[in-house]
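In what follows, chain A forms one complex with chain B and a second complex with chain C.
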Partner chain A sequence: MNRGNLACCACALLLLAGCSNNPYPDADSATRTYYTTFVEAHRTLDPAEAYNVSAHKVTGLVYDTLLEYHYLKRPYTLIPGLATEVPVAEPLADGGVRYRFRLREGAGYGDDPCFERGGKGRRSREVVAEDIAYQLQRLADPALQVQVREPFSRIVGFRDFMTALEARRRADPAFAALPARLQYQQLGGIPGLRVPGRYELEVRLSEPYPQLLYWFAMEFSTPVPWEAVEYYDARPGRARFADHPVGAGAFQVVEYQKQSRVVLERNPNWYGYRHPDAPAARYPSEGAPGDAALGLLDPAYRGRPVPFVDRIEIRLDKEDIPRFGKFLQGYYDVSKIIKESFDQVVQSDRLTPEMEALGVRLQKAVSPSVFYLGFNMADKAVGAAAGARGRKLRQAMSLAVDSARFIELFLNGRGVEAQAPLPPVLAGYPEGYRNPYRQVDLERARRLLGEAGYPEGIDPQTGKPLRLSFDTYATSSQVLLQREFFVNEWRKIGIDVEIANTTYNEFQAKLERGAYQLYFYGWSADYPDPENFLFLLTCDMRRIPHNGPNSANFCDARYDRLFAQMEVMPNGPERNAIIEEMLAILREERPWIELFHRIDYSLAHEWISNLKPFGMSHPMYKYYDVDPKRRAELRAARNRPVVWPAWALLGVAVLGVAPGVRTFFRNRQ
Partner chain B sequence: MLAYILRRLGYGVGVVFGVLFVLFVLFFQIATPDDIARRALGEKARAQDIEDWKANNGYDRPLWPWQDFRDNQLFTHYHSMLRFDFGRSDVDGTPIARRLREGVAPSLTITVPIFVLSLLLTVLLGLFVAFFRETYIDIAGVFLCVLGMSVSILLYIIGGQFLIGKLLHWFPISGFDLDPSVMLRFIALPVMIGVLSAAGGDVRFYRTVFVEETGRDYVRTARAKGAGELRVMLRHVLRNSLIPILTRVVVTIPFLFVGSLLLENFFGIPGLGSLTVDSIQQNDFRTLRVIVFVFSLMFIGGQIATDISYAAVDSRVRLE
Partner chain C sequence: MEAHHVSNLLVALLLLGAAATGRALWRNRLWREALTELWRRRRLSLLTIALFISVGLLDSVAWIGGEVAGEDLLASHEARSVIDRLFLKPAEGSYSAPFATHTFYNKQPLVAPAGHPFGTDILGRDVFHRTLKGVRVALLIGGFTSLIAIPLALLLGIRAGYFGGRFDDMVFFVMSTLASIPSLLLLIALILVLGRGTWQVCVALGITSWVGLCRVTRGETLKLRELDYIQAAKALGVSNGRILLRHILPNLMHLVIVTFVLLFSQLVLSEATLAYLGIGVDGSWGQMIDQARTELSREPVIYWNIAAAGAAMFTLLLAVNYVGDALRDILDPRTLREDA
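Then we have the complex of A and B:
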């Protein structure tokens, strides 16, 4: 074979080797790997700072917490994780409370070179209570961009520690140059945190705050090894701790390419292998009603130790359409439904026959979130200053908005009509609750409008329809159309609402100045407690003057009193009664027009088992299982390269050119 | 020649100063430090978090010298860039120099094959079409070129992903991996699209150059002396067409390092093009200014290199 032939063969082989749409190395197809995606590169994976869904997909796997959520039960229920049990609040004489956590012995961090500081060749070490105290001190460290300080500031001395740390760093450069851990030690730590034993942690709060337990089910309060923080300090050639997570979770990061993928494998030192009977180390034996019918309580899995998968690969895939295409080809195990393909996937709220033929399963879950239209209660026309007139105006506008139609038109039916700020998946939501001002009734709306002093929507001062402004930061024509939907709804009762579209930042500036009347917003729960929604309408959380998230600037003394009572109570009938009273205030005052609670639709391939949408930002991948053999078979069957068009194209080109070439040379001769 | 290069470098310094100033003005016309902070922290960030972030990152200081002559952001902007102190990303704190280093390989992985294949293919096709000038092959070729030029690269990308990735299953729809066992699969489709989308304009340009050359006296002389058509085209026409080819080629070289904004973004290739788009979308001023700065330097370097290459291939050209 001469050189030319050899080169041709090499090129052909190269092309043949490349001719496959499998984005993974072929050897990976036999592994028990769960494949999923993230849509934006992580800003940080430091558990003190990471506060978005993309980051939690990794930190939630790497960093185990003292408490966790039961995988299947709804309403959401806390179970022990690294802790041996869920602690009970112990009241203290000074009005505060104390929580005592006991850690499981023998829990270990994922293997990492940072532990060599403890001895040559050492790759891991045991998790101790000091590590949690250290992380809670990091939350108070002003050098870190922590967004959840407020709930932890109820720990006795938390704020003072923060202030002292900042002041000492400023005054003493030698102190500031020390590793953060030594700085914390020199300041004596946070007084409200005590570590009486290797596995014991006491947390003292200045006031009762039962929701603290939910924060101990989030990565913010995970044990962090100080060795990792000090080792990964971005010295030349070394990653930052924010890009190199080291934790005590069921999985450890073995490859992190920030701009393309994260690969995790089982952490051999995870506490679950030493304590297989721990509640979060086994697949649950009981769940919510309906779980058994969905195959979520399969005897093959019930009570079996987790995790089932050996490896998790999370790929960065920003664009919706290619991402969804790869899911259909079988290269991602689960997917959300993109709006461009919704009709091809779901019709009449069921999977289309094409999707069923692919063996895809559809799962739906109401997420603990709420989307609403808010009134600025500080505005003189629609707010509290307008007294009963303003209230009736808000009630009338609430009666005119048809959430069901909005959900149908803009969300493809993926929403539950909201009756209250609380989503129905939370404990404390009144069963079957119907808000009389959230049922469309244009007649009553017009009557109320008349009583408010705007008969047929006419403002007596101008003699024209009442004119209001709806401030928004629509970034697409689709969003603008959604806003126009509300304007049309209000036009039906004679009110002329003008959309004031602006940039997000200008919108924020308007909120800060109080220069707005109506707005659209949403809220997703950090934790499944009614407090996490109802606090949004307390006086202390007002945008003006406190810069809080209460953009409606709603303030009602009775509501606040009830909130203060409800906040510290355990779930139960007494708490539910108070919640109902609070909802009654909101029902009449109408600072919000509650619109919908999102329903998350997700798709999963037939080879993945035990998948139940969780709703909150906690990756539950340790409970999932995959059948790699079946996946490989189906992938191969669905992705056979179709090569005839290439030959056809080549044939057309040759046939098209050949006569011309022949004629040309004949003429030349 | 040295004086010429020094003079061009002098102009370049002025251009870089101007570019940095325009970037600063335009960026802060559109975004404020609050915007940058909000994008870095997320929508749940409270006002105090935003203030803390600005203070930690130096965005709480005045923008302009007339607000504070000694301590303003414009001065810091120039000071950092001219010392090549690239700093850290506003969004995630990653050292920007590292991001640039990490982004170069993925960018070059697609831009170099596109550049080489595109050059070979379009020059050959240009020669081919010019060779058959005034036949139906020439007319059809020019028609296809104009058609190709008229189609947006977005259509090539979306159509390519749909047809080749989704329907024909030849290559992955998108994605990237430097693992040698799969790298070829990932780069094949963007490279095909890159070559195809540029082919129309390039073939048409080269055809024009070659057709013009084939009418010259030396070509007629070569033919009269009995040189074959292939020899005439490859030995004489191609060699004498090098100046316009070089003009087009050398100017392109700096762009190879900057990557392809659209291809990288749509295919999820973590190169410098993707970094540029991300930094614009995320209001990452510090990363964006470094990219603009580096690109300006490369562009100026490319211009000077083009001039020098003229002199190298054509002894009649003098740089003074």
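Then we have the complex of A and C:
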């Protein structure tokens, strides 16, 4: 027993000698590596299927797209990526439109053994237009779980291709056994996609749809090498293609451990090295107003070829508090502010002196998102069936909700009061727009409620306060507290709103049945166009009967007409006028009580430069730069091991053991 | 009949029942001695429990109408309890510390300066009020669940122990099965099936907590049925039912009471665990603690929510355990005999 204790002491001493909390190998500290985190293990990294922030952190780096967003400009602007220019819609005689993309020559995929099929020792291949057509056909493949078919289904023959593929597979087992690429070929591909030359792609749409270009700036439409899909999915035992991304991006995956980390390094075959003049291959020389003051237009970077970092390491770190701790220690370069530590980091909207002393920078950006309370317009009491009474009831309830206070209480002030479904960062948002029904006015709310036939909130049918149900699937009491906030707001005008809290599945079932009155939801933009918000309230998107995202079941013929007009128009004053008209309809009808647009606060260490919060889930890491020397110094300075508690513990242990040792020896004598 | 009428009626019935039971116990010499002894030993704890029970009862007596706080138009149409009527001040802006005069963060003056002994929560509600409201929920959970679990355990335990045979095998099998399922998992599954709500949680807790007492009663009955006086009663031709009621049950009463007390505190704690998983009872101390759990890591720390709920729970459970401990000593026939 005593010997055991001694051994323990020895072990403790040995451990103290090499004491460091650095989670990375020491050799990495000199490299230009950007360190960041993801919060959930990726289910898939297949660019046709992956559709969440964590996965996009990887797919967005590995898979380059034909078009990209300008890094600095706001409102968001498209620039050519793999394409030589942003194409213009060419109207066709049949009412459709055509887009002609031209690819850059000499763009290469990241190194991967799957390319050995083209010849022994080959590690890469040139990107050709056929690869994009292949990926777009994959989007139509019913075997893949693609969540974004709807926008691409405007390509001529997209839906037919999908049904034909499914039917043929069911009918013909020999066909179904072929590799997917050959199946697509045998069916003759999608008629709306033509590849007239090695670098040319023609996309024909059945109707005008200007938003298509945004979809060509997302990973769904990236070139995918068929070799990779066939190599990795052909044989069980090999990593699936969904776990082994191979793309034409600026970075390639060199290490992928699903449950712990992803390491990316530069792709030596990236098109940017061949075409240093391509707009997405260099740091922008102009930006949004105010960017210069934020140091985003540093002459040392302006117009210089990207990427600046050599390596990117993304670690899985699920828990907020440890993740934030590692950021403060300098082991992650950027971080969101966690709710628990908010007051430690930010006070009266500025960094606290402690944070400033650490050299941390605070960055804010309004994200293209909206959070709202929705009414079920298919409901008898609050919906369209109640006519003017229902409208006045919704207006009254909208007037009672103080979103400024909600933002202050529950978001630490990180939100902009919403006036409309559109966030103010989009082109087309009416400048300085104020919605008269989104200003708290209890007097007016009570008056409207009286006009709606509920004087002081009393429902004449029952003689009691009007009772509504607020359907939610809050699992934690903290979220429930947020729901109670709204209930308290409506109590002020005498409406008795009851929280009906269920599981998520039950909530979904309620949505399908239409058995709900009020709900809380949010929407984050896929692409920065007003259409991506306003479509949420069109008839075709209704939850009942179309099972669309319009859970408010709002349907207004005039709104739909305006939407159809607006949808296909280019940005400009004409379009803005229509958007304003649409907002006016929503303002009066009140299918939503718009609450807030989130403001993303992020923190960055001083050794990282060129950081601008992007708002959408596109990793812009190729524009970032790090100063590894400064980082290493500061990390060392902030992580000096505190050794005295270990010694103190050891001392206590020795004192505790000493009498025993003495007794032992005395007894032996 | 509306919910608050039912509640009022139940309170009346409960009080009548308690008075009748008290009278009956007082008439019985042994019980009178036992109760006097209990009062002698655990005066403070008994007073504490009495205080909690009266708060719970006062919170169960409710009626519509009367003075209303602030801008709340709904309150005048709702049944509010005696306790609710003691807190007529409207809600504050947000957090405020105990006895503070301004809100915690943006330093707005309070509607009731220094009027919140336990401060206010994020929505500006008085924490003292919420803590008092938690008393009723805790008593309801402990009491109602015991009402499900104890008769079930007694019925099955005594039958299994006394008659043995096939029935005993069956009961024992069910007990072993239930005991080998982690109780938290079973609770979560039951609540998933039954749905959320106070009664559902009570039923779920009842189903998971009868096993312990059942095991003890069965064992004790097994022992008792071999004793001389039972054998004598059998030999004299006394019916089984009469033996169970007159000889076995009274000799199990001390076990029942001790288990009830332990069960009561265990149930209140279990509910807190469930609340932490988001499936607790609305308005319970567990829920208060769960809502406040991130407040502890704030800077500066907001402690009063968790402290108030924690202290209330601690006080109640300590008093109950103290009384239970004393009761066991007093009621055990053997210890009683030694005392006498």
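What we mean here is this: the second predicted complex is superposed on the first by the 632 of 669 C-alpha atoms of A that agree within 3 Å, B and C clash if a C-alpha of one lies under 4 Å from a C-alpha of the other, contacts with A are read in each partner's own complex, and residues count from 1 in each chain.
Here, contacts are C-beta pairs under 8 Å (C-beta built on N, C-alpha and C of every residue); 3 or more make two chains touch, one makes a residue touch a chain.
Quick caveat, the model's predicted, so the values are computed rather than measured.
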| item | value |
| --- | --- |
| Superposition on chain A - do chain B and chain C clash or fit | fit |
| Partner chain in contact with A:Lys318 - chain B first, chain C second, else both or neither | first |
| First, second, both or neither for A:Lys492, with chain B first and chain C second | second |
| Contacts of A:Asn22 with chain B and chain C, given as first, second, both or neither | first |
| First (chain B), second (chain C), both or neither touched by A:Asp343 | second |
| Residue contacts on chain A - larger count, chain B or chain C | B |
| First, second, both or neither for A:Gln461, with chain B first and chain C second | neither |
| Chain A-centred angle between chain C and chain B, computed on Cα centres after superposition, in steps of 10 ° | 50 |
| Minimum distance between Cα atoms of chain B and chain C in the superposition (Å) | 6 |
| Overlap of chain C and chain B interfaces on chain A (superposed complexes) | 321 |
| Touch list for chain B against partner chain A, complex | 31-32, 34-35, 38, 40-42, 44-49, 52-53, 56, 91-95, 102-103, 132, 135-137, 140, 158, 161, 165-177, 179, 181-182, 184-186, 188, 229, 265-268, 270, 274, 278 |
| In the complex, chain A residues that touch chain B | 14, 17-27, 41-44, 51-52, 142-143, 145, 147, 150, 234, 240, 242-243, 257-261, 315-319, 321-322, 325-326, 328-329, 331, 504-505, 508-509, 512, 547-549, 639-643, 645, 656-657, 660-661, 663-664, 668 |
| Chain C - residues contacting chain A, complex | 71-75, 77, 91, 93-94, 106, 122-123, 192, 196, 275, 278, 280, 287, 290-291, 294, 297-300 |
| Touching residues on chain A, where the partner in the complex is chain C | 321, 339-344, 405, 408-410, 442, 446, 456-458, 464-465, 474-478, 480-481, 484-485, 488, 491-496, 501-503 |
